[in-house]
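Quick heads-up: structures coming right below.
In the two complexes that follow, subunit A is the common piece, with subunit B as its partner first and subunit C second.
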Partner chain A sequence: MPSQAREPKSRHSSTEGTPWFKTRGFAESASSTGFLVPILAVFIVLTLIPLIQTVYYSFTDYTGLNPNVNFVGLANYNKVFTDPSLLVGLGFTVLFAVATTLITTVLAIPLAVLLNTKFYGRSFARSLFFFLGVPSLIVLGMVWSFILSPLKTGAVNTVLVNLGLDSVPWLSDSTLARVCVIFVAIWAAVGWHATLYLAYLQAIPADLYEQAAVDGATGLQKFVHITLPQLIPGIVVSTFLLITNGLKVYDLPFGMTKGGPGYSTNTITQAIIVHGISQSQYGLGSALAVLFTLSCLIIVLGQTLITSALSRRFA
Partner chain B sequence: MNGLKPSTRAKIGVWVRTVLVNLVAIVMAIPLYYIIINSFKSSMDMAVSPFGLPGEWSFDNYVDAFANLPIARSFLNSIIVTGVAVFFQLFIGSLAAYGMILRKSWFTAGVGAVLMIAFCIPLQATLIPQYRIEASLGLVNTLQGLILLYLVNSIFCYFLIVGYMRKLPMEVIEAARIDGAGPFRIYYTIVLPMCTPILATVVVFQTLSTWNDFLQPNVFLSSTDNRTIILQVFNSMSQFTTNWPAFMTITVIALVPVFIFFIFCQKWIVSGLVAGSVKG
Partner chain C sequence: MKFSKSLIAAVATAAMIVPLAACGSAGAGDTTTISYFSWNNENQVKPIIEAFEAANPGITVDLSTAQGEASDYAQTLTTRAAGNQLPNVFHMSIETRNEILDAGLARDITDEDFMQSIPDTNKELYTRDGKVYGMSPTAWVGVIVYNKDLLSQVGYDSVPETIDEFVELGEKLNDAGITAYMDDPTVVSGSFQPMLGGYYAAQGIETSAWPEMGEGGTFTEQWKTTLTEWKKLIDSGTMPKEVVGVTNDQIKQQFMTGQLAMFRSGPWDFADLDSSGIDYAVAPFPAIEGGETYVGGGPDSPYVISSQSEGDKLEAAKKFLSFLNSEEGLKLAEENIGQISVSSEYAANVDEHLQDVYDEYVTTGKYYWTNWSQNGNVMATEMVSQFQLLMQGEASVDEVIAHMDEVWEANAK
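Presenting the complex of A and B:
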């Protein structure tokens, strides 16, 4: 690594007369490049090369079993949109992402407002809600699969039967299973996102509320006209996290139902893993992965546009 | 309530909120209670009263869990994978951030743009070729192979760190340079110590997400001895299909370290949550 010690001049000193490779500019540039080499290596090996291969596989019939690789055009993409099991997985992933985003946001904001007020047991309640978002979702999902087990011995069903009611086929009915998975996702996420909102709430200047109180604003008016507008940056961040994590979801439904009953709680990520790795259908799995990546990029782009529009509106 | 004094009304409000919020919190915590309480029961006891206290408190499930499963080994695997991966993520990410603030040029601008795009590419997009590459190199079902995959998160660390580094006073770096310190020495002795708050946040956040990861261990690790603790819990489920308390026990064992970590690092998890909000 070249040292700059030889020329202890000020930053703006002239470098005339010194060979170009001995100037500070070159030395700094070289060391600066050196610091970037590891991350570029990571990028090339773990992102760029695999990404190119994914796109390439998606246009071939590569299976790993057959050494001959043929171009098949858009056949894999066609298959994605005609295979009912994949379409169900796609539908559930979108439903999951949208439902968890909307419901978590609607619940997390009032929860954060409540957690920001004075009451007894506040730090306990804050920590507890927050903690539910911390453990691994596959583990929580499996625990919930016992609680919501459709068997008579399932925890909730035991309580229902003891109360003289019928047991409910929680995770063995397609619609109910979907509702249950989304419910558990919200249960785990709401405290985590309330904590995020809490950080934004605590940054709202108190004099805004004092002025509103002088003007005789009611609690609801304060919430609508002060709290919500001030929370816009937080809402942007939180909904973005929810929607992208929702699209990438895998652990929770897999832990609760393994994608069942049938394919009703199957997710795109699970389909990519099953087709692309377990069944060695690299072509089909890659086509799914390409479509998935494109939809994620579109959402990132859309989110960026909305964010900049919103910050212009409220700045 | 209109006839009441404002101070009385405020007091009533405090009590209403105290009851309401704590009640909701307790209801939300029932699954945690369910896991813990059932780890002390027999299968029979759990089937009869899933939410009741154990008729007889028994530690047999814990004894059996440690006897039947390589729990210590799984913890060790998780610790090795998380520790080594997070160390390298931090090193690579902070080095890159330092390289970016050291000098502005067409090259650093280009790298910045490339990393921004890489940041938006989901794991799913690269998973299949990553598996094929690791399989051809014999890295599937090894901890090294898993750690290698986690290095991609250096890009996320870079984004968190570079934002913080840009706000550092450049005069300090300039002064060290005039005193004759080389670029790496400035990085190691001056820039890194000044970045401690963001480094702590990144460590806590990445530790949690690496420790909790299920997707990649599930795809890349297969043998019992290599499983991380999360994967061990997952695999024990098929082993204990009829013995539910055994599953609850291994879940408690797996959650205890996460809980302790949460208690001690809650502050940094929150700051990571806010700082990491940029994650796409």
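Presenting the complex of A and C:
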């Protein structure tokens, strides 16, 4: 091997007399960057350009039908903050996102621990829980609207009536309807997220538990001091998915209640679709979308900061 | 190596972007292809399209449909219009009419031959400045469908004609353990509208005073009596307030399984009802105090030719509308969609269940449906939400009508 090959190559020595854009390093870098072009192109065409258009439309009276567009300043934003139906929708969206994230996480971790133990039919149980999250949420919503029908002939109410109890107005009472939608969302998500945690659980070194056993740690102590800290990366991923899916939810509440009773289970995404497209108020829908995007950025940024801090704490 | 990396990157880029080109349109062949965005589902419309294509060998119809509610159709149509993909033939509705006409998307068809057999009442709704923009050769009618056996169990052989007697019937049915009446709470109330129309007619309230016309009438003035009377249905339990969380399919299922005595429906459900074996009949909606019995109804959503259609496509679209308003087209619409012809091209062969109501109410103009003169979809959505709150007891009659006035004002142009 030539002696110079063993010497560390300096940028100066390797490119001396050669223009920077003809250097091997630049060529390698440019070629590698080329692989980013496809996804960048798709991002620009399908996300960035529509986002810029949305910001523009949010300051106009564009209807989606009429090509004549007039600048209306902040009128659309003003309407967002004064329309009670939109504010109720915003409140339920936040409630839905926070409740599903917290409760799903609290349930999915113990479920994953349970599914990680050895028992007869374990594979079947894992598949069963995972399957709950497979069907489309709008289909689940329609099925659950029959199960939770407030009529006496609804599936759950039939059971209650046969037990001698009164039927319950599940989806016809605002508070109960909200609870039902959140319950079904958790029911559908908990198995999928337990499976996610299961993958992280299986990556925890067994010797940690063996050492803890030698030291006389109880099951609870092992869970709190080994399992939970080791699951932090999994919790980061899971809660990120839950909070983002929760904030943009549309299909499940729409399938179950169509946003009712009244506006009680309206979500922001539904409001964007209904106001922006169905009611031909693209300007208002765009203002909602812009505010929603900014809110999501802030919430997700906050969630990322918190989980990063937790990750560092337990690293 | 460097070349192959670049090549792979270029190919990958092309692979990601090329599918976007699928948004473009295909080239035309020898035949003229027109696009038609239907209000009805594919199974209902396909026989009509096939008959049209058989009668016009040089024309093919590219059919697309939006199943579900009026708002679903409006969503898709708006999206297509915004994307400059407006179909050659599509439908307006009372809710979308103003936006479509404001945007100049509908072609003036006033003087076309196929419009001459359309009755004036079906032209008026879609006329602006003396020009007609939609062809509606059929009408729809919404009625109370009732289970004759269940009513006879409590001593009735027909539906009473006043709301107080109707409520009395409801209470007797409830006492017998039978759910009395339901209508779909996820859309504009099918029972409130005919009661309101009957009240307007009996009181001689001019069209210009109707709040939906935007000519000075307010909801607070004109809706209060009817809404207060309509609420008796809820307060008496004749229509259970649990109906708020129920879909129309569930309501129909309740009726078809003999658990519901009456519901708001129409000819579109007759085939399903016939298959259920239930012995049913239809009736108009009861009159409120100071009103008269009425049915819900109006012209069906009209066919519109896009103002962007030109040349061969425009001629083909006109032929298509001409066929739809022909004896063959209307007969097929009656058989497959259950539409009732009001065109002089074809005399409707009305279902036997509907014949009496048709003779007494439809042919005499005793039908009503709110004709929003602005922001129809906004007003309809608000009306649905406010009625749900009223049924739940979370809003009073006064609050509902005051809110309707506020929304109307806020969206006034």
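Following the convention adopted for this analysis, the second predicted complex is superposed on the first by the 260 of 315 C-alpha atoms of A that agree within 3 Å, B and C clash if a C-alpha of one lies under 4 Å from a C-alpha of the other, contacts with A are read in each partner's own complex, and residues count from 1 in each chain.
Note that in this section a residue touches a chain if its C-beta (ideal position, glycine included) is under 8 Å from a C-beta of that chain, and two chains touch if they have at least 3 such contacts.
In this text the structure is predicted, and so the values were computed from the model without any measurement.
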Original post:
Thinking of the overlay built on chain A, is A:G34 touched by subunit B (first), by subunit C (second), by both, or by neither?
Top reply: both
Original post:
Between subunit B (first) and subunit C (second), which, if any, makes contact with A:F81: first, second, both or neither?
Top reply: neither
**OP:** Pick one for A:F292: touches subunit B only (first), subunit C only (second), both, or neither.
**Re:** first
Original post:
Which partner does A:Y282 contact after superposing on A: first (subunit B), second (subunit C), both, neither?
Top reply: both
Subject >> Broader residue contact with subunit A after superposition on the shared chain, subunit B or subunit C >> reply: B
Original post:
If you stack the two complexes on chain A, which partner ends up touching A:G260: first (subunit B), second (subunit C), both, or neither?
Top reply: second
Original post:
After lining up the shared chain so the two structures overlap, which partner does A:V274 touch, if you call subunit B first and subunit C second: first, second, both or neither?
Top reply: second
**OP:** Answer with first, second, both or neither: which of subunit B and subunit C does A:V42 touch in the superposed model?
**Re:** both
Original post:
Which partner does A:L171 reach: the first (subunit B), the second (subunit C), both, or neither?
Top reply: second
Subject >> Contact residues common to both interfaces of subunit A (with subunit B and with subunit C) >> reply: 28, 31-32, 34-35, 38-39, 42, 64, 146, 153, 273, 277, 282
**OP:** Under the touch definition given earlier, write down the residues of subunit B that touch subunit A in their complex.
**Re:** 13-15, 17-18, 20-22, 25, 28-29, 31-32, 34-35, 47-51, 91-93, 95-96, 98-100, 102-103, 105, 107-108, 111, 114-115, 118, 120-133, 148-149, 151-152, 154-155, 158, 174, 177-178, 180, 182-184, 187, 208, 211-215, 219, 230, 233-234, 237, 244, 247-248, 251, 254-255, 258-259, 262, 266, 269-270, 273-274, 277-280
Original post:
What part of subunit A is in contact with subunit C in the complex they form?
Top reply: 27-28, 31-32, 34-35, 37-39, 41-42, 45, 63-67, 79, 85, 145-146, 148-151, 153, 167, 169-174, 177, 257-258, 260-263, 273-274, 277-282
**OP:** Name, in rising order, each residue of subunit A that touches subunit B in their complex.
**Re:** 1, 3-5, 8, 11, 28-29, 31-36, 38-40, 42-43, 46-51, 53-54, 57, 64, 114-115, 117-122, 124-125, 127-132, 134-140, 142-144, 146-147, 153-155, 158-159, 187, 191-192, 195-196, 199, 237-238, 240-241, 244, 248, 250-251, 254-255, 268-269, 272-273, 276-277, 282, 285-286, 289-290, 292-293, 296-297, 300
Subject >> Of all residues in subunit C, those that touch subunit A in their complex >> reply: 2, 5-6, 8-10, 12-13, 15-17, 20, 71, 74-75, 78-79, 81-82, 96, 99-100, 102-105, 179, 185-186, 240-247, 250, 254, 259, 375, 377-378, 381-382, 384-386, 388-389, 391-392, 394-395, 410
